[in-house]
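Let me give you the structure first, and then I'll get to my questions.
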Amino acid sequence: MIRLNCDYLEGCHPAILRKLTETNLEQTVGYGMDPYCQQAAGMIREAFACPEGVVHFLVGGTQANATVIAAALRPYEGVLCAETGHINVHETGAIEASGHKCLVLPQFNGKITARQVADAVAAQGDDEHMVKPGMVYISLSTELGTLYSRQELEALYTTCQELGLYLYIDGARLGYALTAPACDLTPADVARFSDAFTIGGTKVGALFGEAVVISNPELNRNFRYMIKQHGGMLAKGRLLGLQFIALMEDGLYFSIAKKAVAQALRIREALVNKGVPFFIDSPTNQLFPIFSDAQAEAIARDFELALWERVDNTHVAMRVCTSWATPDAYVDAFITAIEKL
Amino acid sequence: MIRLNCDYLEGCHPAILRKLTETNLEQTVGYGMDPYCQQAAGMIREAFACPEGVVHFLVGGTQANATVIAAALRPYEGVLCAETGHINVHETGAIEASGHKCLVLPQFNGKITARQVADAVAAQGDDEHMVKPGMVYISLSTELGTLYSRQELEALYTTCQELGLYLYIDGARLGYALTAPACDLTPADVARFSDAFTIGGTKVGALFGEAVVISNPELNRNFRYMIKQHGGMLAKGRLLGLQFIALMEDGLYFSIAKKAVAQALRIREALVNKGVPFFIDSPTNQLFPIFSDAQAEAIARDFELALWERVDNTHVAMRVCTSWATPDAYVDAFITAIEKL
Amino acid sequence: MIRLNCDYLEGCHPAILRKLTETNLEQTVGYGMDPYCQQAAGMIREAFACPEGVVHFLVGGTQANATVIAAALRPYEGVLCAETGHINVHETGAIEASGHKCLVLPQFNGKITARQVADAVAAQGDDEHMVKPGMVYISLSTELGTLYSRQELEALYTTCQELGLYLYIDGARLGYALTAPACDLTPADVARFSDAFTIGGTKVGALFGEAVVISNPELNRNFRYMIKQHGGMLAKGRLLGLQFIALMEDGLYFSIAKKAVAQALRIREALVNKGVPFFIDSPTNQLFPIFSDAQAEAIARDFELALWERVDNTHVAMRVCTSWATPDAYVDAFITAIEKL
Amino acid sequence: MIRLNCDYLEGCHPAILRKLTETNLEQTVGYGMDPYCQQAAGMIREAFACPEGVVHFLVGGTQANATVIAAALRPYEGVLCAETGHINVHETGAIEASGHKCLVLPQFNGKITARQVADAVAAQGDDEHMVKPGMVYISLSTELGTLYSRQELEALYTTCQELGLYLYIDGARLGYALTAPACDLTPADVARFSDAFTIGGTKVGALFGEAVVISNPELNRNFRYMIKQHGGMLAKGRLLGLQFIALMEDGLYFSIAKKAVAQALRIREALVNKGVPFFIDSPTNQLFPIFSDAQAEAIARDFELALWERVDNTHVAMRVCTSWATPDAYVDAFITAIEKL
């Protein structure tokens, strides 16, 4: 049985295991104050062209999102997001658990626009009976595998600047976004057009770990207190630093992500050739084909995909994911299976 | 420079790295639902003689404490603990951040008694203007390296049962407690005389990870929702299962802990022989000698200890820690340094 | 200038002032434990035919909602409500501030259905990554002045019972609902088909005050702790009891509400006669006519209404409210103004 | 049975009832934006010589404390207070419910000192594993009826200024403090030496209501959102404004408080003459005599006092309270009873 249902099925890139093994018995200070974390932070600042950015390493995505958002907002403020946003749907109310409302906007292709943000702020109208928007949350790539264009992101950021909102980018799949052929954003753009963003390690080669990069110094004030309070300060923090060193060395993070996107696009082409429609047209490592129940059943004999949504009585949208770890043989086998449908 | 200042300086026991390496490219389901986590849970249930216990794996101690306590308490309830309790002092208010007051009791040797618990409940007197005690938190070994006796623990548990309180044991250093010669508690006692307890991996051989063992089924209701909301649900959950399998195999957890305690006791003997007094007399892997400033300075040339507390104008209490990773050579060198004082 | 913009413009019914004046210098115990609160609770139990109901008196509606909801839910649970629900829109995130997500359902006429509730629970599917529905919140009359029929309410309650959800009715305008000619619900139905409901005093004759009536004993456990923690326990609690005694005596609450609804229906008839369309067709004390800007301007010379929503470039929906305190002369004057449009 | 057990037994000063009656059927805007609230705010600014102060009116003390503290602190910050502080003991964890730890300091006579504050900040040492002090809370008069001297208050404020902490004064009994002969503080001092303070109405003549006066504009930012979220925004806000107008007119607040303190001092003198010792020597409207059980029993035949604390097997400390409403005849009767002991 070949699993293509998500991008966190395997352990980590071998380069990371090597790094952990080499340094295993060294003694370092804890809680992310070690030289490896410092080195990794420097490499990230360079890769994302943000020399003033402050980098923190957290274990997981829900933790990173909850910590950044709680650090940014006053108690009466909420975070604008797409209705499909991960924080709104799949984090068991972690944002609300720290007291903040997700101010939900209708999405199109998993995305929201500068105009929607401006309208939402206008509609709230500084009425103290309503939650005040304090931040905009977007994900890149989105939960539907889609991308913001440079123009869209810049517009969002400019609007946020004008309206006094923070813009935060959840980059759980940032690698798969930035290396997609359809993406016109550079790493530097991500840093320039946001107040904070994450670089997801868990889904792109690491055992675990999300780097939180904060460009806006206001948001960084006492941020480590927030990490600790939210249970995100790893005692042996160097484990995070070491993993990101391995990922940043020679652009490994980007090269493995690029490979996975290329694999997804090969699968996409096979689906297109076969005339399989898509629930959404996504240009990154996640695909959302719509299969007839018969097709889905045929595929399920050898492949595990994720059920996304039932479309009608006889069709389902499935999610297919590639990752840094997907062997070419799996992709070939899946393409063959598609062709046989 | 030799570090003996804490017990989370190194990576992990080599058996764990081996296990991670062997399984690295396997595909498993996420979020702790994989076979490795199931296997590890079974091994823990056996080692702690609690066949009905439910085992969850979380990344870190603050997370584990905050999640268990928030799962146990109603909004108006608080958690009784020693003033030196980790949750009260060193978790940046994570308990309060989930809405609950630490109901602080004076400590003696880092411990609290059944009598104190009963008195605190009586003093609250079900007065709705005061926070209602809902749980008792103790740590084993304590933050001061001390131990509860079997009789003390049983008395606490009986009192909690009578008063309708949960008893929760923070076992961040459980290995170093249970393997100390002075300890009359067995693993089975820990499970039997509590509603929930943790088995600390981070400080006893793992890269990271705390096993939360819940004996009281009421406390387990929808517990995984709580883990997820608190940011403690690791995507690649098997990393936790694999580590605890390695630790439970052939009692590795206990044998490495026992070794570390034996090392600490050798150091303790050297300090006693030298006439160095103790801030507190601790029988586990943490020692708290009081040095004159001159002595402290001499030691600081080659050894890094932790400053615990200034005792008077010319003396300081320091913390010395051994761990599963402390080489005998470090212990020998430190003993020699003591003898030279 | 005559104000018809909301139903909390004046003080209180004279019977209440009399009662407060008569008892002013009596000494009673505080915090709602006085004989007046007991008496008022008894009168409410009788009026709503719920002999087992427990009655608590709180100062305001946001407080009452936040307290009931926080008392009902576990940390990972949320409250299902219409997108127009007061808790979702106009309470500055008070529900989220106590850690709970408003699980928003599309509304029709300000209402939600049993079917929507069942579908939402099915969609969550006990997936621990998503907030678990724990309660349904409805308002009666709704924020749009509409009513649930007996059949609709019973269906909601039956569904909640089947799915293990609490059903909570925000009765800030309960009087104006139950006395509307179009309402087929009795006070007893409200108690029977809910786990808890409020009887709004603020908008129906009192200076302030909401009675929270809890039929489900599980929800009442330690409820007074919740009131105190949420800042809702009035020191001189008898002020609430006294007001509700006055309101329950000889059915004053219902007779003054009935009068206000009758006034609104007179205004409604005038609007219909004039051919003014409605934003929503509401049968209680709130009306939502759509005026042309010219009409709105004409009215604004003598009357203050509430701007509800701009409908198009030349039309606005306004809210017209009557209350227990609206003089007939105001209604007559407003009807004359409508006729002149 | 004469009650002298607390200072919120009766309704309100007749001047307030008159004011409410006179204005009862007026129509005003809601939520504290009415002209009466504005007028009351102006009178308070004048009485407390703080022309720049912003005044908000809230219903009760727990609400006021929770709202001010939550508005002031960042999530990782806590509030320094005496162990006897109302927020720490008698508000059912309302501060923790909004996420903040009470950082408890040992008290002497119910008070804390500038030195204790400085030491606590030094001990925290900006260690991100510990809650950061962000505010100091004191009560005036204290829960034990004692007073801060001008010098003590100024020292506290200066220390707070130096350390970047807010100083907040809970003035639930401010009237009884400022009018005590032993008090060397003026109303202007209270405003000058704090960032925010409350003027308690509930215990000093009002039906209910606390005025929150904010001198530090930073603390006032979006404060009305905080009030609303905490359920403290009274719909008919003018009820608060009207009460404070009545209390401020011709210094009524101060004259009625002065009378109550004078009554308490007469009782105090009788107790001293009788040789009754005190649990604490308090110079305001609360007295804490220690009676033998026989004495307490004798008194209990005609008078209800509050049990404060059992002192030993045969003695109890009781609380005796006078208030604006205490008739001289009650005081005379109580003095006679003391003389007869």
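Labels for the chains are A, B, C and D, by order of writing; each one numbers its residues from 1.
By definition in this document, contacts are C-beta pairs under 8 Å (C-beta built on N, C-alpha and C of every residue); 3 or more make two chains touch, one makes a residue touch a chain.
Predicted model only: the values in this text are computed from it and were never measured.
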Result of counting contacting C-beta pairs for A-B and B-C, higher pair: A-B
Centroid-based (C-alpha) most distant chain relative to subunit D: A
Intercentroid distance (Cα basis), subunit C paired with subunit A, Å: 42
Euclidean distance of C-alpha centroids - subunit A vs subunit B, Å: 34
Distance between the centres, which are taken as Cα means, of subunit C and subunit B, whole angstrom: 50
Overlap residues in subunit D, where contacts from two or more other chains coincide: 75-76, 91-93, 97-99, 128-129, 225, 228-229, 233
Subunit C - residues contacting subunit D, complex: 3, 6, 8-12, 14, 17, 20-21, 23-30, 59-63, 66-67, 91-94, 97-98, 202-203, 207-208, 225, 228-236, 239, 325
Subunit A residues touching subunit D - in the complex, by the definition given at the top: 70-71, 74-76, 98-99, 128-129, 132, 222, 224-229, 233
Residues of subunit D touching subunit B in the complex: 75-76, 78, 89-93, 96-102, 104, 128-131
